[in-house]
Amino acid sequence: MMSNHIKLMQGNEACVEGAIAAGMRFFAGYPITPSTEIAEISAQRLPRVGGKFIQMEDEIGSMAAVIGASLTGLKAMTATSGPGFSLKQENIGYAAIAEVPCVIINVQRGGPSTGLPTSPAQGDIMQAKWGTHGDHPVIALSPSSVRETFDLTIKAFNYAEKYRVPVIMLMDEVIGHMREKVEIPNREDLEVIDRKKPTSGLVDYKPYRIEDGELVPPMAEYGGEYRFHVTGLVHDETGFPSNTPKVAESLIKRLIKKIDDNKKDIFLYEEYKLEDAEIALISFGSTARSAKSAVDMARAEGIKVGLFRPITIWPFLDTEIEQLAKKVNKIITVEMNLGQYAIEVERKACKYAHVDKYGKLNGELITPDEILKKIKEV
Amino acid sequence: MATSLKIKNEKKLIVKSEWCKGCGICAAFCPKNVLSIENEIVKIVDIDACIKCGQCEMRCPDYAIYLGGKDDE
Amino acid sequence: MSNQYEIRLSGAGGQGLILAGIILAEAAIKDGKNAVQTQSYGPEARGGASKSEVIISNKEINYPKVRKCDLLLALTQKACDEYIDSLKKDGILIVDNSVEVKRKDIKKFKLPVIETANEKLKVPMVANIVALGAICKASSIVTKDSLENAILNRVPRGTEDINKTAFEKGLNLINN
Amino acid sequence: MSSRLINEYLREDKLPHIWCPGCSHGITMRAIVKAIDNLNIEKNNICIVSGIGCSSRAPGYMDFNTLHTTHGRALAFATGIKMANPKLKVIVITGDGDCAAIGGNHLIHAARRNIDITTIVFNNNIYGMTGGQYSPTTPQGERGTTAPFGNIDKNFNLCNLVKAAGATYTGRSTAYHVNMITKLVEEGIKNKGFSFIETLSICPTYYGRKNKKGNVVDMMNYLKNNSINVKAAEKLSDEQLKDKIIVGELYKTQEPEYTEEYKKIIESFQKER
Amino acid sequence: MSSRLINEYLREDKLPHIWCPGCSHGITMRAIVKAIDNLNIEKNNICIVSGIGCSSRAPGYMDFNTLHTTHGRALAFATGIKMANPKLKVIVITGDGDCAAIGGNHLIHAARRNIDITTIVFNNNIYGMTGGQYSPTTPQGERGTTAPFGNIDKNFNLCNLVKAAGATYTGRSTAYHVNMITKLVEEGIKNKGFSFIETLSICPTYYGRKNKKGNVVDMMNYLKNNSINVKAAEKLSDEQLKDKIIVGELYKTQEPEYTEEYKKIIESFQKER
Amino acid sequence: MMSNHIKLMQGNEACVEGAIAAGMRFFAGYPITPSTEIAEISAQRLPRVGGKFIQMEDEIGSMAAVIGASLTGLKAMTATSGPGFSLKQENIGYAAIAEVPCVIINVQRGGPSTGLPTSPAQGDIMQAKWGTHGDHPVIALSPSSVRETFDLTIKAFNYAEKYRVPVIMLMDEVIGHMREKVEIPNREDLEVIDRKKPTSGLVDYKPYRIEDGELVPPMAEYGGEYRFHVTGLVHDETGFPSNTPKVAESLIKRLIKKIDDNKKDIFLYEEYKLEDAEIALISFGSTARSAKSAVDMARAEGIKVGLFRPITIWPFLDTEIEQLAKKVNKIITVEMNLGQYAIEVERKACKYAHVDKYGKLNGELITPDEILKKIKEV
Amino acid sequence: MATSLKIKNEKKLIVKSEWCKGCGICAAFCPKNVLSIENEIVKIVDIDACIKCGQCEMRCPDYAIYLGGKDDE
Amino acid sequence: MSNQYEIRLSGAGGQGLILAGIILAEAAIKDGKNAVQTQSYGPEARGGASKSEVIISNKEINYPKVRKCDLLLALTQKACDEYIDSLKKDGILIVDNSVEVKRKDIKKFKLPVIETANEKLKVPMVANIVALGAICKASSIVTKDSLENAILNRVPRGTEDINKTAFEKGLNLINN
């Protein structure tokens, strides 16, 4: 018998269920293939838990509404795909500088532009980090299975709330649309992190004041006890704009540092048969599944290959990749693009290992056989 | 309305079944019940009744039925 | 990987093949197995899928797409022509009896699936469930009980009876 | 073989089109082509621009200069085209989502400028291409996949909106009233300024199914039976007009056209020399 | 020391503000604060949202929950705030560029939804902050740095546009008619739905200089002498109203409010259990 | 006496003059500091040469109008800064996949978000390449002086037309707003490249057919002899959408290849006192001026340092940087961001030289003294 | 209009010159010519004429002139 | 770098210092030199600049901003206080006579610049041109002819005479 907690679930559905489990109570979106089910299921589910769903006039408005809602204290999310992700960029930067927690799901499809709207891709890896103007922090995660989509959506909210940062989930069409057996954990077993509220007196309250030894200011909500100002301009700890070079430098540096200094907490990855590996595949999302199959196939032929699967895409797993590079002779990155993650890998690994890349963007999931062939080539 | 008047009577009712998706619009709005849908494809069932009004052509979303002939319109 | 069973359900959009795939996968899960279901999309979400794929396994399923399949269902000639080559040697082919097939190196079941739904049951919509019955009998990848269970769970309320009948008709299309 | 109209103005090798059985987009596309035929405009002098959506797939089938842009942006691309080459007759084909949701700003600004573009919206009250989400023209209370409990959004009266924004020609027809579409498009093209034609359309696959509107023919009959010509409507009370679709030429005026005004600036410098 | 109103509702430590001498933005900001004072709303229950522009700098000076967003997006942020916490009185302060150029789509959609937000546009007919480019409300023929030969763009009648989009309250006043601003804002806040108040404003630095409108006082006098109350205007012909600014409460109706409608959906599930 | 051709000119003005000299006849924009003068001067200048200026309702519309205008055969440009650049991203991707020549000027200011609107920055380096979704080609150039702004704007148009690609000019507030002595070359001395027109028959015309040995299809214009279809979907040589994996792969690969294979033509850079240098500074735009001063100061103290100044930012000067790394011991990148170009440099140079970076983003131009200090540190 | 009526006569006219930008609006619209601009700053030139109507306060963009007093408004 | 002359013109927005900077730079170019002019901006373009900087040199000018300056013009106390420290030892300071200065290690010219414009010429707007006259006399960085030429080129048509007078008054404020 199938237990109550065991279900066949679609990736996009797991995303919503994870979000609701994490406490999401606001969703604003605009439909786009292949992310649309996330909006649709949110519309169904949210009012049942007292949450709000709104379909905005476009993706820019959706991102704006999510930030607005988050400022009132709700956990808020939006979901989109390539073209919509491009449109959200300006306001993602706003969330980054104003430190408004939010989760942005990007179910990647074939780009650029309208591209291949119903096909999977992993072409927005770099965009997730660099899509908006100016240096800014983001966290990006990429799930490889339906169950992991559930778990990572919760993590995404946890990171967003803990670090007051926009967190991007880089799903892809395969993960979003596939249905898979999932065992949904009990609510009690989930770790859910809520944002830290300020405790200071009303009079000397400063919305961006950092407590000693911390890097993330506690966060009040509109409609609560504290009144405060929020802006996308460079601002000091009072939240008001400042042009002073010192203020500017220290704000942006802190924004970056709050993520950099917490890499240990944020770095997620999986290692598969790497213990004795001479060749390491690096792959994430749906292609990591192909890569895992390829590892098994290659091992069956006696080739010592393993898989390193980044789950955290940004911040880049620098120390881990360097470690890995020192351990193996060769690295092959496998991604559905022309080698985006490969750029970062090359940078950290080039001193220690030969880095090769396998990329494809024809709208089809990379197959284990292709990867096996590539393994044999190098 | 100008359109249907212009159509001359020597025209022939032509069905291009490869394009027909069997939606049934032509049959439903044919004033003379000339058409019927069978196996999801339009069929001419009473060609003699056809007054060549062109309504089927005008409303067929798939351009699968039209009044044609030598001196095409 | 050898204990992994790969199924491809193909036909025209609107024939309910996605639902059939989901039901198959759910039946497998009820049997305590692992299952992954995927499908293909037309331009944006429109058009509708023309194929649905299910992988059933006792182990973790990695690559989620069906490559060479163990079982192919094809309800239209077009679908059969497109996917017949992906069926493994000695694999099971279930086709509607309107479909012509040349391959010989396979276990072929040519069955009146659509006819059964249209004429016997007078509900064209249940062709997919008839097909599931046939699949159940032809292979032993899911148990009859689980599949029946899964069907009744997924079909719209009020249509349980007709679907149950369709399933049984499907089972009975193959007599061995 | 197909009819002269189709043969001459559509890209036959791309047919049959991808639209669902009974989708009215094909009807409207033909009606537009008929208007062009009636006006006898050189094919190379026409540029058809669309955004993204089922409706926005139309230009791909039409044998003119055609441009399939990004979602919602057709009018902004079209504005560039018309400004750059005012001799082109620029026609925008768009959906209710494309022009009124994401593209709303370009719509009101193109209308405001009174730039000589004829916009035809295939309004099926839903996002067809993405699978049936409610749109800014979905009537209140109706369902879409993102309005599972009934839509609480008020819907736009697009012709009113566009008129308030500055359009100099507006008209409305339905997929049933095909010849009226043709007539309105003709008049729209003839108007030197921004023209807006709304065609109430049917999406049996999503809007119809979600809202239990019956089959394709039922939906067409709805359009037929619930429309009333603007002239006839003038004599009726608001009460009597409730739930009626007012069709016909709704607004027409004359104002300076944008590219002509710009031409005057350029000419003032040519004289100077 | 400053007046009780300023002391109580503005962030005095941020004053004097950055606006130019004679810029009317300060006048309008005070008039809004006065309306809030008259209505006696708890400061913590108010949220003021703006975009980017000189006008949009206002919230920084106002002692409420304040949000200075991205250019043009104030209403979209505000929609999120109001949906998420309907008990907040949400007021949007915006400029003609911010709300009618880049933000036009959010404006018409917020109006369409009839969401309970009061929007006040500081319409100075120009982009002040970026140095005097023409805006969608710059009258035809006038100059901006990007309209060196006279603006050929037709200007929006914002109140008409927003009404056509679905707003349930609209009003217009000028920087001269300060008490009227206060009154309209009060009524706008009281209206359960989308309210839109246009305040014709002066930008002596750019609009004034570019268009030779004289000094600050001349510009104020222009507003004084060319305005006519909507009641009085009703009796005049279009000819007589040419070039007149019609001020007062322009439109008022009652319709379901967006967040209330959504609340009903939530409540339907609470009952279910 | 000051000759007719010698003028004090602002960077933004030189950009417009360069554009007009290159044949720009269409500009669509939306004002934003510090790029606004480009729109303003275009509004003044274009009608005098029979060109068109339009102020659109926003940046998205501006980018769209530019693409539309280019499709009618006009050379077209837009100008913006950070927030507007973020908004243009979706349509930049469209121009890339539909191969519509256009020039996008980004006069960089402090980000992220509204950031420091009147201050210089170089924070959009990575965004210029990765801002839109999906793998796609772009060319990006960065001028260091007013005169170079003039020249590079011409080059930008030339590349755009020759390669049918969006070309991005990464200016910064300092270069955009400073006035400098400029000698404007004679029209006859300028190299201006126009797009290649098709010559095939009307019937067998295919708008994206590549002639033998070429990578860039000739381009017809709307309103001319040929009728054609343009889409942002993946398409084949007829211009009509295709979902075939082969078509998809070959389209995107060609788009990348047409730039990659022509790097020689596109690579622009300046070397300053590098002959005997042990340390190389790498810097572009306004900071390269500071770096040059720093080189002189360091040389005066006997430190063997030189400057490598990338003018072409994208495609990345891979071979050149590798060459450079082999020649020197140490590389210091100097940019007004937290080290964006440095990422790419590290990737190519790490095997051969130690790469250090100096970045600042406090709204002030990096000074020669700061750089000198950094030189002495490493 | 309510506003100006509410203002009581015991109020005092106060100028906060640090905030005054000398725009001249108050002086121009004072019904009693109480004010004048000197050296780009407002000056009270005829306090006795002041009827405490509050128009200056209402229109001062910089809150630099107002009617204040013990029982502030 | 030593033959590079760096000038900072400071005061309040609206005093025409950007124009003065441009004119200075243009005069230098007329003299056959190199020149770079920069300025500072308020929030977005509004507010207006409060300082304008010019570098004049015989060689290429790299770093375009003024660091330690050779000449400082300060028309307001605030501006003087803010920038006085950036003036080099022995550098030239030209201040309006309303401004108090403490530094001693500089060549100081305290001149009635604003008064001259306001009271002698009755055109406050030309204070910047008066200042240029003084700068011309105090330094020899640009020739009088080029400067006068540059002024007449840049000022609005119809104001040539008053500006010429202003320039001469400025020259005459310093008599040596």
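Letters A, B, C, D, E, F, G and H mark the chains in the order given here, with residues in each chain numbered from 1 onward.
Here is the rule we go by: a residue touches a chain if its C-beta (ideal position, glycine included) is under 8 Å from a C-beta of that chain, and two chains touch if they have at least 3 such contacts.
Here the structure is a predicted model, which is why all the values come from computation and not from measurement.
Which chains does chain B share as contact partners with chain F?
Per touch definition, common to chain B and chain F: D.
Looking at A-C and D-F, which one has the bigger number of contacting C-beta pairs?
D-F
Roughly how many whole angstrom separate the Cα centroids of chain C and chain G?
Taking the mean C-alpha position of each chain, the two centres sit 85 Å apart.
Measuring centre to centre with CA averages, how many angstrom lie between chain D and chain G?
Chain centroid spacing, chain D to chain G, equals 57 Å.
Taking each chain's centre as the mean of its CA atoms, how far is chain F from chain H in angstrom?
The computed centroid separation for chain F versus chain H comes out at 36 Å.
Using the touch rule from the top of the page, what residues of chain G touch 2 or more other chains?
none
Would you mind listing the residues of chain H that make contact with two or more other chains?
Correct list: 42-45.
Which chain A residues reach two or more other chains?
In chain A, the residues touching two or more other chains are 33, 36, 47, 57-58, 60, 83, 90, 94, 113-114, 117-118, 231-233, 241, 243.
For chain E, which residues are in contact with chain A within the complex?
Answer in residue numbers: 14, 43-45, 47, 49, 59-60, 63-70, 73, 76-81, 83-85, 87-88, 105-106, 109, 262, 265-266, 268-270.
If you look only at chain F, which of its residues touch chain D in the complex?
Checking each residue of chain F against chain D gives 25-26, 28, 47-48, 50, 52, 54, 56-58, 60-62, 64-74, 76, 90-91, 94, 222-225, 227-233, 240-241.
Would you pull the chain H residues touching chain F in the complex into a rising list?
Within the complex, chain H contacts chain F at residues 1, 22, 25-26, 29-30, 34-39, 41-45, 61-65, 67.
Under the touch definition given earlier, write down the residues of chain A that touch chain C in their complex.
Where chain A meets chain C, its residues are 1-2, 6-8, 33-34, 36, 117-118, 174, 177-181, 286, 289-290, 292-293, 296-297, 365, 367-369.
Using the touch definition from the top, list the residues of chain D that touch chain B in their complex.
It comes out as residues 1-6, 10, 15-17, 19-27, 30-31, 34, 38, 175-176, 178-179, 182-183, 204, 215-217, 220-221.
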